[in-house]
Amino acid sequence: MQNDLLTFGGRALASRLIVGTGKYPDMTIARAAILASGAAMVTVAVRRVDLSRREGESILDVLQDAKLAILPNTAGCYTADEAVRTARLAREAGLSELIKLEVIGDQRTLFPDTEGLLQATRVLVKEGFVVLPYTNDDLVVARRLRDAGAAAVMPLAAPIGSGLGIQNPVNLRILIEEIRDVPVIVDAGVGTASDAALAMELGADGILMNTGIAGAGDPVKMARAMRAAVEAGRLAFEAGRIPRKLHASASSPVEGLIR
Amino acid sequence: MLIHLNGGEHQAPEGATLSGLLEAMRLQPGRVAIEVNGRVVARADFERVQIREGDVLEVVQFVGGG
Amino acid sequence: MQNDLLTFGGRALASRLIVGTGKYPDMTIARAAILASGAAMVTVAVRRVDLSRREGESILDVLQDAKLAILPNTAGCYTADEAVRTARLAREAGLSELIKLEVIGDQRTLFPDTEGLLQATRVLVKEGFVVLPYTNDDLVVARRLRDAGAAAVMPLAAPIGSGLGIQNPVNLRILIEEIRDVPVIVDAGVGTASDAALAMELGADGILMNTGIAGAGDPVKMARAMRAAVEAGRLAFEAGRIPRKLHASASSPVEGLIR
Amino acid sequence: MLIHLNGGEHQAPEGATLSGLLEAMRLQPGRVAIEVNGRVVARADFERVQIREGDVLEVVQFVGGG
Amino acid sequence: MQNDLLTFGGRALASRLIVGTGKYPDMTIARAAILASGAAMVTVAVRRVDLSRREGESILDVLQDAKLAILPNTAGCYTADEAVRTARLAREAGLSELIKLEVIGDQRTLFPDTEGLLQATRVLVKEGFVVLPYTNDDLVVARRLRDAGAAAVMPLAAPIGSGLGIQNPVNLRILIEEIRDVPVIVDAGVGTASDAALAMELGADGILMNTGIAGAGDPVKMARAMRAAVEAGRLAFEAGRIPRKLHASASSPVEGLIR
Amino acid sequence: MQNDLLTFGGRALASRLIVGTGKYPDMTIARAAILASGAAMVTVAVRRVDLSRREGESILDVLQDAKLAILPNTAGCYTADEAVRTARLAREAGLSELIKLEVIGDQRTLFPDTEGLLQATRVLVKEGFVVLPYTNDDLVVARRLRDAGAAAVMPLAAPIGSGLGIQNPVNLRILIEEIRDVPVIVDAGVGTASDAALAMELGADGILMNTGIAGAGDPVKMARAMRAAVEAGRLAFEAGRIPRKLHASASSPVEGLIR
Amino acid sequence: MLIHLNGGEHQAPEGATLSGLLEAMRLQPGRVAIEVNGRVVARADFERVQIREGDVLEVVQFVGGG
Amino acid sequence: MLIHLNGGEHQAPEGATLSGLLEAMRLQPGRVAIEVNGRVVARADFERVQIREGDVLEVVQFVGGG
């Protein structure tokens, strides 16, 4: 990885935070929060044009001047075929090869179907896509995704939108230690700033989040919080934390005490 | 002529192109992608691809998502 | 508490992070890290002048131009009397009423002796000191310290220098909920950025730390991390996080999926 | 004249003041605090407080601490 | 501590589990659950006889044949004086010197007032009581209680009745390591079997609980669960657990694999 | 699931604890610990006869009179083919259809290769095996294993032999909630009694462990601890624990206090 | 004769002992403890301790508790 | 006659059966399983299955494992 940038698929992003554009109370808040997050890339979903009503302002309209990279997703797809089809439409709509690949395996948890994910990754890589797969925290799967040509691997921290934070730091840490040649971007489950900081401290190269910001009491303020937290966690990771000890270690000298 | 559009039934004039359809729907071609019978059509081809009776079309766009 | 400032004893600090000045590899790194932390107040210890050798540059020398408030501590004192005596010396040396009050009750853990702490607080408040007591995370003790006139209460997160992070978030949260009229500053035990963010998310008004920065692999970078983390945690606290849920909640719409 | 200074024994000239002592020790008065026989002496009084035989003095300063 | 018994104040209990008698749906379930727990000692509260109505069967009636030691408490007392007065009444009512000493410092959390607790301990020890004080998890306080003559120290795991389990294993472990000459009995906060096992694995000599059993869906079954859990935790503590490792260690041999 | 038994593949085991037979200091301790665990089924590995030396007493010799069901594993197999081949040899050696199926995907963590696992499960089920696959904690994979005919699913709690305990209770709980028609047996990672109790409280039908017992300071005592812990956790699960609350709830009545 | 009993007012016959009071209340002496004017009375003394006008009594027993 | 047994080379007499081999190795047939050239042989067939020059044999048993 290059020093301060999140790089994959030939791109270098100036921020390690990628944010979603869904679930905001309104477009004004969405825009303000997304800008406040400092993100250089945002995700969008691909959906049918609603013919029954006049479309209002879209998320792309309000972000038009912000020069953000657009990362379409295949959210809602339950098979590799659906995901591939959605990815192809996304490419035509956005004129870019980037795709956040989701193949969902369970409706209640939105956990990925890693078998379908791997299949779809292989097809899309062959078609020239830059594939960013949303996956579980299984090292063996991550390695296969990387070997299949994924431009990054994006393990979940916890169920999408759950806000539970890093459920399995051991698995995540092991995965990050072993996947060195493409970025590991924690995707889903981050609920608050300390979750984001912790993910970065474990060595993640970036974080993708949506609900944690969009669903907060004050999304713009939370966007600023997340921006600072990702930076804080990354700096702490690079700085190298002190070891944990069961007992105390005085921070003031013990010599020279008056008696 | 009857076509299937975004999951519903729709009347389109004979010989209409994808561009014509978008225009009729007041959609900007630069924002959507179109699938005809399961195959994506390149945006550059919207003007010359004609719709036929019974075609299944999907017209999609980007919306807020995570 | 006023909006963006940490206020106590008639002072308003521009940063919610207070840092120690001990344990740095050298004075240059100490200065750089302290400045990088953005802290507006630093702690120092009171020690006998060492008559056996020519004193080198002191921590105050290297921070002279930085306009930081100086907060002397009574580290190393094991009785209320020792702490009071040290506080009086500190006042004369620093010409300020501020004192970080430590009355240690155990050598291995450096846990506070809350009985002695309360006693010393009463004496020093009567003498006009602005007393910031380092205490445990016991609400009942905190309330008594406040009632005795402490300008803030400073519960530990974990043993001093242990880097274990917030050991008892429940106790800390309860304490913060109940102590509303003076600031609650988490003192001791913060090991890395996510610990700091978490403490602030629990509603702490500020954090005091030393070893977490001074002992890091790269103290200057860790100081920047901590600065960002305190800011991130505070913003997240103010923004209001999403509720935790066991299951998922899609961030992309479920309407308009192609089928 | 023997005094007890910072835990050790020390010789000071008869009639020496605290200021004089600091000077002899090459310490700046603005940086230290002094306790004589358990009582802190105000910095303003350093010039006029004389040291006596057997006095117990603590001369302290700020050092790095947490 | 003697081998398999919980000993204090000249008594040796055949079980390391002490249970409360409050909050049961009815006396039949209370009796069945208490017997199922295998406890050799039960706590009771001291309350005014209700003159307005004919008293029904009391908890002591239903336990009469069970030969359990009775441990009266001073629950509900907010000052040392109230607790001392209640202890004296309890002694006369029960004709025993045993007292579970509670001096409550906060109504919402029922956290102990450790200052009042220490005071009352000193008074009662002088009067010949066998004092078992309910305290916080502060080592310094625990040491003072022991020095004041307490027959055991009983730190809380979490607020009474909260069911939160061991909130601060580090503090508890440190306390247990240092308090060797009287038993450490974890009192309050245990919610389920694994909490009890964990407390014992940390080295606690015993556990006192009430709500965790009485408030369970099936109190008798939960009593059996707690009995087994205390035994399991104690055995595990004595057996010595394997060290934690980040990575795997095969349990089947790596030699002799067919290839 | 039937009431008190762990049932799968037409078998009903009298204990919910299954233990491994590897890594014991010697055969005497192995036998004593296995018997003390109360397990009704033990795992064994399949390895080449060592022609270079006279074989000593085997694990089966020392357990001969104990009437334990034997569950051979495919430990050490890194492909579906190897695992299938080993399973076939195991069937011939043990004259039983039971197989604990392991297809390892990573040497350092011994994490399963879920793709190979699913493949091997399909082959072996078709050949009449009763397949118990060691898998990760992914619900989607678990469902596919069940659909492929696995007689149980055996998710790991943490890496094999790591002793880290339940790393992801959320995933495990979700998996257990959804997999209702075959038992869920937590396999690998349990380090001490409270880990075992916790796994059972999450609703696991059973636990399989080896290193936690065999590697303990006193394996026989730890075996007893684990037996009690599995029982405790199961009882607590069945009893239904009290809800967690942030604040206290008095266990002694508040009426009738003397004033 | 008016006494204060368990926080309420109560009429007791002149010269009544604690034992008499318990009997009147149908309470077994073996299960209760009694405080008279803030001092605990030993159970052995219930028969000979007389109640006086205005006495403040607390009669307590054990109840289920944790 | 040379055979490959458990990863090593081994001499076996011409016409030897699996039973004979086990006997020569002092192994009880009830405890092992045998694979010949990648196929498992049923225990019931040990007596009649003959080993041939170059056969690849695996003779396995159960050992302690988790």
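For this structure, a couple of remarks:
Labels A, B, C, D, E, F, G and H are assigned to the chains in the order they are written; within every chain, residues are numbered from 1.
Following the convention adopted for this analysis, a residue touches a chain if its C-beta (ideal position, glycine included) is under 8 Å from a C-beta of that chain, and two chains touch if they have at least 3 such contacts.
This structure is a prediction, so every number in the text was calculated from the model and none was measured.
Listed here as common contacts of chain C and chain H: E, F.
Per-chain Cα centroids separate chain A from chain H by 55 Å.
Remark: chain B and chain C have CA centroids separated by 62 Å (rounded to whole angstrom). The distance from the centre of chain C to the centre of chain D, each centre being the mean of the chain's C-alpha atoms, comes to 32 Å. One simple way to say how far apart two chains are is to compare their mean CA positions; for chain D and chain G this gives 69 Å. Annotation for chain E: residues 20, 22-23, 45-48, 73, 75, 85, 89, 108-109, 111, 159-161, 164, 170, 174, 210-211, 214, 246-247, 250-253, 256, 258 touch two or more other chains. Multi-chain contact residues of chain H (touching two or more other chains): 7, 35, 58, 60, 63-66.
Pairs of chains meeting the touch criterion are A-B, A-C, A-D, A-E, A-F, B-C, C-D, C-E, C-F, E-F, E-G, E-H, F-G, F-H.
Residue ranges of chain C in contact with chain B, taken from their complex: 250-253, 256, 258-259.
Listing the residues of chain F that touch chain E in their complex gives 20, 22-23, 45-48, 50, 73, 75-77, 82, 85-86, 89, 108-111, 159-164, 191-198, 201, 210-212, 214-219, 221-222, 224-229, 231-236, 238-258. Against chain E, in their complex, chain C makes its touches with residues 105-106, 108-109, 111-115, 118, 136, 138-141, 143-144, 158-159, 164, 167-168, 170-171, 174, 178.
By the touch criterion stated above, chain G contacts chain F in their complex at residues 7, 35, 58, 60, 63-66.
Contact residues on chain C toward chain F in their complex (touch as defined above): 170, 173-174, 246-247.
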